[in-house]
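As written, the chains take the letters A, B, C, D and E, and residue 1 is the first residue of each chain.
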């Protein structure tokens, strides 16, 4: 269009009285494509609710979604597209690897990022002013896992990850905690190749170490298969999965073998009292139950709206300041206050357990 | 010292002895023909000399230097050129490019020249093209030089292959059945061409089944049968050798009369009804092709 | 140790089954059929749909039901393969052979994301499971289902090999692979033979898809990608176009993965497998049983 | 009645007009020779007849049926078999398998075996090479294989494209003899040959083509006596 | 001697083919690329255009290997990765500016080319394909497993070559243009002809004295250097690299660019690369159906133009 060239005016879209635009970068194609719809639906739901109550600062919210295919290059293009479309706050980010290269892009455009899912430590380590994580970090999750492992009285723990940054991060951090003298031992750190069907070779390695606790830190697709194949191979000990695996699909893939599997997870609508209504309205609107990261995406949008409201403007610096000032904002994971690192002060991780095919609260780890 | 000498060459494929103790020599600027029944081992001998087959035993010397077991490009680097029994042109490349292949070894040009288009690059490229034209003129190519080689009629392709081999500026040229598929008039042209090659001081070894051509052009004839040499001598002697008649020529005297034709007219223009060859668009072959890629 | 070998063989027989179709198609058309893995995926989903439509099947009936589904699915994927060839490959028969690579990748995307549109991006869970009671045989845990699956796979492979090496159809396939034009001069209906090849190869992939779905339980629209790659690898290790070679190639790849995981850990498994493959090919450049083509000059 | 009638055939390769109104006939039980310079269009004529290239105009009638647009395999089925230029043996199939492929359309296994054995007795060199890969044969051996392969399919009309190319003199004679024998058994033959002398010796009739059309036709005896033919194809007397 | 075909070609056709002559077309393309930001310079457009330019460089590098020399390489992304990681590691660990890493990248990619090429180039094409695929995977997995390369999360905070995306875009366009011209010049030189000889017929090439092994290795090395330098640009553009960017799919896409455009044809490969990299962006609004549409379009394009969008002409200009 006109005026978008080098010689054109510096037209900053969205400055006027139009809707406030939120941008969401999520995988809609590629290996993680299954996640995209859940997060988009959740965000749509939040936008609809907020707009139904009159919007923010008297303006409506509008959500723009871009595909990152869980791939860095696609993500960069997508992020730039969102920037170009005048997005004022980013509320996306599921794959850490794809989110990482988008940080400077939003940064340069002075757009605050509320990252609902991606939670690799690299996102935090850069100490970027505009980046806020509302999922628990890897180290928080590892701590929670360690607590439960100890509490269960396990002796020998097998850590299994899928060699992606998120999954490996949790496994390695848990291993570090286990390596401290006393308490349970890390028997093995095993990496599997994602997207396969048969994990018997890995399971063979695991069983050779005779662990009494297996912690899977990857996603639910492989998680379900691994659980099933572990049980089929005669493994009798405890199994726990990380937050990437918390989905009813995990249980249905694993079948009977899934019963009694634990999970480290931030609070979910299913485990929160009073959230049934939310689950019901989501299910009514979209015809299926919420899935992984549905509530975080929902909270991300609400948090963005809250921050803009507090800032009284959509200006990046002001919104960032407002985000830093947030204290006690109610989210599914509990009242929110960011640490200086812009992460959750407490991960809010709990232990869930699979009961008749559904995740239920086992221990709040308070 | 002879230019090429093959000493007690042996080659076997599994149980099959394709060449069984073959020895012969070729002197400077000599024309030697190798004849023999189908499957006698003629082409295999060429393949050994040019490095495409590794002999099972024996030695091959070029100007006294042993070349047995060298790779083909190394042997080519020592001044040996060849053509193939089943034409092996670079079919999708232009005729000129095909002949430029012969210039590969003497073209002094490196990748810096190519990247920067240095004066040396321009000079060598021009020289290369001129040479290519020169050799195409030399073999009397009538067809389109700028189009794809595979669009030329068979006989023309044969000429291109020879031009390519000559552009190498060899000391020794091996021709495998250059007259196959040529009609009478065209054979006469081929004969003239081989004589002109000899005038350049290039030694030629010729595999041929056309006795007329062989008798006319050779200084010496080597006859193979079952991988063994059964005769080696002047053409007139060889053709009277009973063993050769028995194994190869046969006693059909009618053929003799045909083969003794005296085509002494060395000018190559008697066949003016020959076609101008393929003209028009070179690469427009979309009718067939298909089966590229071997294996 | 025997467990490692068994695991490798079992996984390998899946690779081999998918690789057979790959190898046949590659053998006859020199086509890297990137969509082949997606036919496997299509098979898994077809079986899923049929089972879903039929509804509750008692556990006792599981195996017979599965065989029925297998046959129907093979028909469906076989025809899909034929259709694929008709639409995306045949018109390019005379184009440079890598042109087919584009339509093959195009077909792969179309199948994958077409399935995503039809069945969603979420993985699906097979309504029918071959659950597992395992027995210890020679120190390896082996389930009856595994044995059944391997028997089906081996039977399909052996039959195929007989077809290709012993019958005139097989000879025609090999002739077309070498020279389609001249094959036509022998009276071979090149298009029909290629169609039948696609049918067979795709049917086998479909069978493998159903078997994987029923055994592992989870299917998704991208499930064909990785196995397609492995099938290709198996076909090459074995010596492309050679049926017993392809079988061995699949089994060998399975074993390499199994032992690689054991010796070096899961993260280095593929480095090990590919490393061995590269070393092997540099010693035997035409694969396990590939024909040594002596090109005449 | 003529076995093959070709009428006013035109063939284009992209921009190259290779045949321009080519016409010829092959009568029942005849051997017809086709002579011409390199590039005259001999191979193209045979390819058009056997369905390998599509003519842009003209008509081809085989045994009374129009086969102008028929597919190659259908034409073979009708009994018209083409031995192509350049031998084209299947390189990694054995000699035996190459011959069996020739009998692809024959359903009767015993019949195929009989025909293959007959080829082995006609061309004993092939029998010696039974299990060798076709591609590793010598040039002349490949030529024999190509001819033998065509014989296995039991043709009624045989198109031969330069069958003597690359054959030793003795073998040329025996191949020509073979063609005559086959013909004596009732097979019509259309023979493209550069060895015009050998061809005209066994042919009943012949044509000379130039630039994609016939310029001369007649009985073999007449052609042998025609001065133009003598000068261009037989060698000046 | 005159070529009858050349003189008979209609004047109009000749003018048209002059115009499409790669030199003029190339110049036009360059001008277009340089002017584009004046029409549209949004961050999105710039990032997409920069990616496309880098992709062009990759494709022109692979074209030397596949198009010119006929070596089917399914793991070309290995060199891209080697370049990106080398410059990424050096610039972040040693604090070097990106430009300073270039000489090292060249050395390392040459070595990578030799290491990957040397043991494999004796293989026939299908086997070569799988071996290169394997090498591509080995490089990616190794990067994923090592600590220097940052493991699965890769390297971030790589300095850019330029402060502003516009400047970076122009820099990329200039570098890529030089690379494309260089590849095309190599292709027309003695070396490039030797590549084509090898592609057409290795035996005949050997007989003419072409050391086919060395010539293939040269193609590999050239391809490796082009890929490696494209990797440097990639690292500079994204500022973060991770193994996920160097998957087999990426190799396949580059190969598709080469084939789609027309193997061995420089303008073709440029067009092919632009199409392959822009098409998914153009189709972005299809969201979930994006790759469905991409797949269908690929098939249709190929059915319409089986030889590629802008195929190589083997007819030489008669000058």
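Here, a contact is a pair of C-beta atoms (placed from the backbone, for glycine too) under 8 Å apart; a residue touches a chain by one contact, two chains touch by 3 or more.
Going by UniProt, the chains are B, D = ABC transporter ATP-binding protein; C, E = Branched-chain amino acid ABC transporter permease.
Keep in mind that what you see is a predicted model, and the values were worked out from it rather than measured.
**Student:** With chain centres defined as mean CA positions, report which chain is farthest from chain E.
**Tutor:** D
**Student:** Tell me which chain's centre, taken as the mean of its C-alpha atoms, is farthest from chain C.
**Tutor:** Computed centres place B farthest from chain C.
**Student:** Looking only at C-beta pairs in contact, point me to the busier pair out of B-D and C-D.
**Tutor:** B-D
**Student:** Round to the nearest whole Å and give the separation of the Cα centres of chain C and chain D.
**Tutor:** Roughly 43 Å separates the two chain centres.
**Student:** Can you give the whole-Å distance between the Cα centres of chain A and chain E?
**Tutor:** Roughly 36 Å, centre to centre.
**Student:** Measuring centre to centre with CA averages, how many angstrom lie between chain A and chain B?
**Tutor:** From the centre of chain A to the centre of chain B is 72 Å.
**Student:** Averaging only over C-alpha atoms, locate the centres of chain B and chain E and give their separation in whole Å.
**Tutor:** Comparing mean C-alpha positions, chain E is 39 Å from chain B.
**Student:** Which chain C residues touch at least two other chains?
**Tutor:** Touching at least two other chains: 30, 94, 96, 113, 116, 121, 178-179, 181, 240, 267, 270, 293, 295-297.
**Student:** What are the residues of chain E that contact at least two other chains?
**Tutor:** Residues 124, 126, 144-145, 203, 207, 288, 290-291 of chain E touch two or more partner chains.
**Student:** List, in ascending order, every residue of chain B touching at least 2 other chains.
**Tutor:** In chain B, 43, 52, 84, 86, 88, 278-281, 283, 286-288, 293-295 touch at least two other chains.
**Student:** Under the definition above, what is the set of chain E residues touching chain C in their complex?
**Tutor:** Checking each residue of chain E against chain C gives 66, 72, 119-120, 122-124, 126-127, 129-131, 133-135, 137-138, 141-142, 144-145, 203, 207, 248, 252, 255-256, 259-260, 263, 288-292, 294-299, 301-303, 306-308.
**Student:** Once bound in the complex, which stretches of chain E touch chain A?
**Tutor:** The touching residues are 37-48, 51, 144-145, 151-154, 156-157, 166, 234, 237-242, 244-245, 280-281, 284, 287-288, 290-291.
**Student:** Going by the contact rule at the top, pick out the chain C residues touching chain A in the complex.
**Tutor:** It is residues 3-4, 7-8, 10-11, 14, 113, 116, 120-123, 125, 129, 131-132, 134, 141, 143, 212, 216-218, 220-223, 225-227, 257-258, 261-262, 265-267, 269-270 of chain C that touch chain A.
**Student:** If we count contacts the way the header does, which residues on chain B are in touch with chain E in the complex?
**Tutor:** For this pair, the touching residues of chain B are 50-52, 71-74, 76-77, 81-82, 84, 88-94, 96-97, 100-102, 104-105, 107, 109, 111, 113-115, 117, 121, 124-125, 128, 133, 136-137, 144-148, 164, 168, 276, 278-283, 293-295.
**Student:** Chain D touches which residues of chain B in the complex?
**Tutor:** 13, 16, 36-40, 43, 85-86, 143, 151-156, 177, 180-186, 209, 211, 248-250, 252, 255, 258, 261, 263, 271, 273-275, 277-281, 283-288
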